[in-house]
């Protein structure tokens, strides 16, 4: 199988998530890193590209240059996909420009800064018909896919309650005042948008609960706080959720829970059983049936659903983790791109990745959260 | 040391919590089970008493008979304390009558049905001056006492966020329609009061967070649900909390989280560190400092505070659990009674138990929760 | 039901395990603490007894005085059982004397110092016909009893491998040189016998594996070490085991595993499934079937066997622990004594406690271990 | 940086570990998969290579053809390294031939079938001077490297006891009689050698304990068993270890521990502290100091040693796992190869991988184990 040629926007020296995307794409040898505009600063962009072995001619000083340069190349050499791993405010212009020009797109989350941008992007992509993935990477974990299957097949019965939490502690001090690139842009409204923690991790929590349960939020009541003195955006958020159909939920996320690392946890409670999953121990999924003992399902086991099996590379007990889950998102995107290239429909289980619509849902979630929090924490309907 | 003579109201055949109270009082040999009115049905009351070895003359058909009978005995034989372990609606009349007559009282929670009863009881006890304990038993765990000490001494810095959850699943089906005594009265407004899960377990969660952090709720926003068809009272509750001084919180409790047993968990996050404690593994307390590795503090260890040491009976690794914690509440009550009998002040660390005021706080918590839930989930101030 | 009157030998001020025995006997209100010879030093013995509320006339300066004194009392007042909680070297004379005089006996482990004493005691008890229990308390845990049932009923298939380990760290330094009573006698051959760790905890490990699996050791190969400079007796032991019928095993125990508390763990592997149990989290039993997910069985659950149900006092999620398990041993002894008093056979499930024969097995285990270790670690047959 | 061109021997369709090696080499983009002889069956070899995108001219029917073919190519195109992922009996001829011809080699474990082959290979490699790595991949985990550092810097004091266990259950039935390629060759003496479980996983356990502690075995006493009827080689092994300098150890490994997945666990106990690590939760390392609470060290944390930091790709809480650890071995090899290519010494922290000598140690371990087990389990000296 031929590798898909990709270009990357963002992800140069000092970035964290860009390297993760590259590891994820390298893992299964489905992608070739071909071009890049790796920083908004031209010099840093090109130094980064050299370090990573990009050819000079494909190592662009800016994303605009990359777009222009690649379009000049014959289709057989041109990159086929662009991976956007910049701070949030850059997502919309880059995604729009490349999608409009016919490039497939993978964009980090939160998708864009507001619903206006989201609608605009939806229309652009609808017109151009490109494949568009959003790296809500946590849904790439095999056990999350099995959790989704347990809900879909009714193993849990009617879903009544969902508790999702995303606990981090790395912003418990004013890290943005030090020379910390990640902290700096995330706490800057000009680059992060109208939210801090809610956009950075709350949207992951929202996406995870939706991906697993399929539930749609009907209304929410949110309380946002900026605990660290001098911080403008929220570093903590607590929410009550009401879903269409009557289920209820709690979502809380924070970046000031001292000592927490990346503790994303989902619990889904149905009339026949519950499940519990923690991102920090991703190879296990706890299943608590109405009767009988609690069960620990493990990745790589023969009893898992086909989607979970497909998303695994190793036998049980040989743990897989963050990069492998991230790679699964890219596998789904690659399958979709390859189906286009081969002019065929997706095969069963192919193309399993978070879509543009998932990204848009996240933007709406952000706006509704802020609307609720600003209006003296009234319930806000969707 | 002479044992304290006690009588019990409720806790006869078919009850669960009465036996726990008796085990707890037996454990340290500080109490003598001397009299009882063990059921609201006279025949069952006396059959229960015989089974438990009460003398016939102290095995009463009703609490009124017990009160009358004991008052006729010389003070040297008379019971000194009454333990009230009935359904909620019986708490107020019994507690009031015995307190007014000069008996010390231990009453199960929630204390009484409403703030009117609570005020009335406060006044009665103020007048009579008896010792009055409320069995918010989870604060009897040594590691909870150490957690309290860590907050008090500033180890966690300024408290920012508290997450407390109490997850049970035993009422995920309509158990009250079967012959299940515990489920029956808890889901009956006439005996349970205006709340179900909120009174049964939510008040424990509220008490635990207050006992450890000392924080007072300023306002809350609650969403109560009765998930099981036909159930009148709430079996699930989600709340956002705001504390005086600016801390925020999430409290959720449920009795329909299928497969959950008795999963009370508290997390406290401060500017310098966090702690996490789970009732189902009560011998450990997790401490997550701002810097450096996570620590697992264990009961029985030399580095714990004096209050935690005093509340332990065994070396570390020899686990203590529910009954021992329950017994610690009764130890504190016994110390207070003995100090009265000996006409002396409490010694350091003595008299560590949840008080009438804690019980009243729980009743207010119930009323405010219902007020918020009834008013379209608006924030309700305390 | 009338309480069984008991006397205690040992367990005075500064002792640890005596208090545990008293808590255990108090818990279920089946025993009355009536007499004592609580220390080998008469003054300390009597001070201890006064502190614990013994009547002066039953607060004896020595066990010999207690034996003599009690025999003078009418049978209706006399103690019915003696609980022996002294250092090891005192077990044999006291147990023999009281058993010969017709008192029921509960003796701590290891039972006696050598097989000669063991045989002598066996004969004495055979003659007098008293009830004789040995406090291998870990078999009192409900989940251990359920593990035993799983083996008996064939759920695990044919047992192939057993791994039992008992890890402690409290003797990692020369604690016996400080004023530490427990460390002092355990490291003194005159009081502890020919072994240290092997007698103190290795015998528990051996008893646990036998109680659960029923397997008999055919041969063992042992390596004993005294790691702490100047210590005479072993503080660490590693052994390979071969059982009659072909199963194999590993047993290791140590008191120098720094930071370990009381980490007794048993794993049993059969052709159809495995189980794993840890004393420090005693309310759970892990079951790993040949196929399908791992299961976590929990104390108090409806699916457990009758023996486990009977040994529980609380619903699942309300943890029970060390004292409750200890108390279960005493419940079994009390049932046996009461059956004798009522001149009847035991009812089903009654009388479930470690017997004199279990104690003797432990003494043989000690002797064989030392025999193997002394002979250049050759395999030693039983 | 230019990618290192590699060829693979073994690892075609139906193999498991070959894909792991390829994922591991892909992850960090340091290697280019350039040639292969992917199966001992020529047709399968070439079908596998086509599937994986090898050019036809580099997709060889046999390793001999690959050796011959590559040597014909100019050095600038020729593969630089060969990765050997065949069944055990093929390791020696392939490794020897390629090493002798000047190719760098990475070989799976156990290195070769016996000490004669090992000596022969040592001499060959000494002569040719190529880089030679052995994929004892578990030492690639960052927390294992930190454990090693804790021992080296004396944090644990003098090492007294090591317990290492490797528990699997996948061979609890006679899987080799089904169409299971992995089971088939591992249980066949002609392809696996004189041991089964001991070679497959016991050598990993031995390597792990040596890598972390530096301890050398002085003598061992082993008990090997073939539990599954009809199986020739051991599927279970229990051993006592004595190390030079006086430390003691227990090593047990098994492939019949029903329900166990890949449960490699190491515990090291020193005079000042202990550590515990489990492969199935590889991002944590437990540290139990002589005094004070247990600590959970986590990968990605700032307090870890430089070697652990270097071996991490992600921040703490973003778990890394098996493939990443495997990749770390290949990173070390690549650094060594690149240093040769650049004619320079290794930089600090570079070249951290298990060497040929480690592989030879594993072969000696196998021979000594069998020697002990065959001689009626006598202690066998090294």
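First chain written, first letter: the chains are A, B, C and D, and each begins at residue 1.
The rule is simple: contacts are C-beta pairs under 8 Å (C-beta built on N, C-alpha and C of every residue); 3 or more make two chains touch, one makes a residue touch a chain.
Bear in mind that the values here come from a model prediction, so they are computed numbers and not experimental data.
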Task = Can you spot which option in C-D, A-C or A-D is basically A-B again, with over half of the contact pairs the same by residue number?
result = C-D
Query = Going by the average position of its CA atoms, which chain sits the greatest distance from chain C?
reply = A
Note = Cα centre of chain B to Cα centre of chain C, whole Å, reads 34
Query = Can you give the whole-Å distance between the Cα centres of chain C and chain D?
reply = 43
Task = Report, in whole Å, the distance between the mean C-alpha point of chain B and the mean C-alpha point of chain D.
result = 55
Task = Would you please write down the residue numbers of chain A that are in contact with two or more other chains?
result = 260, 287, 294, 298
Task = Using the touch rule from the top, collect the residues of chain D that touch chain A in their complex.
result = 1-3, 16, 19-20, 22-23, 26-29, 33, 52-53, 168, 170, 260-263, 279-283, 298, 300, 313-324
Interface residues, chain D side, partner chain C - complex = 156, 160-161, 163, 165, 169, 172-173, 221, 223, 225, 227, 236, 238-240, 242, 248-250, 252, 254, 256-260, 267, 269-274, 287-290, 294, 376-379
Request  = Over in the complex, which chain A residues touch chain C? Could you list them?
outcome  = 287, 291-298, 301-303
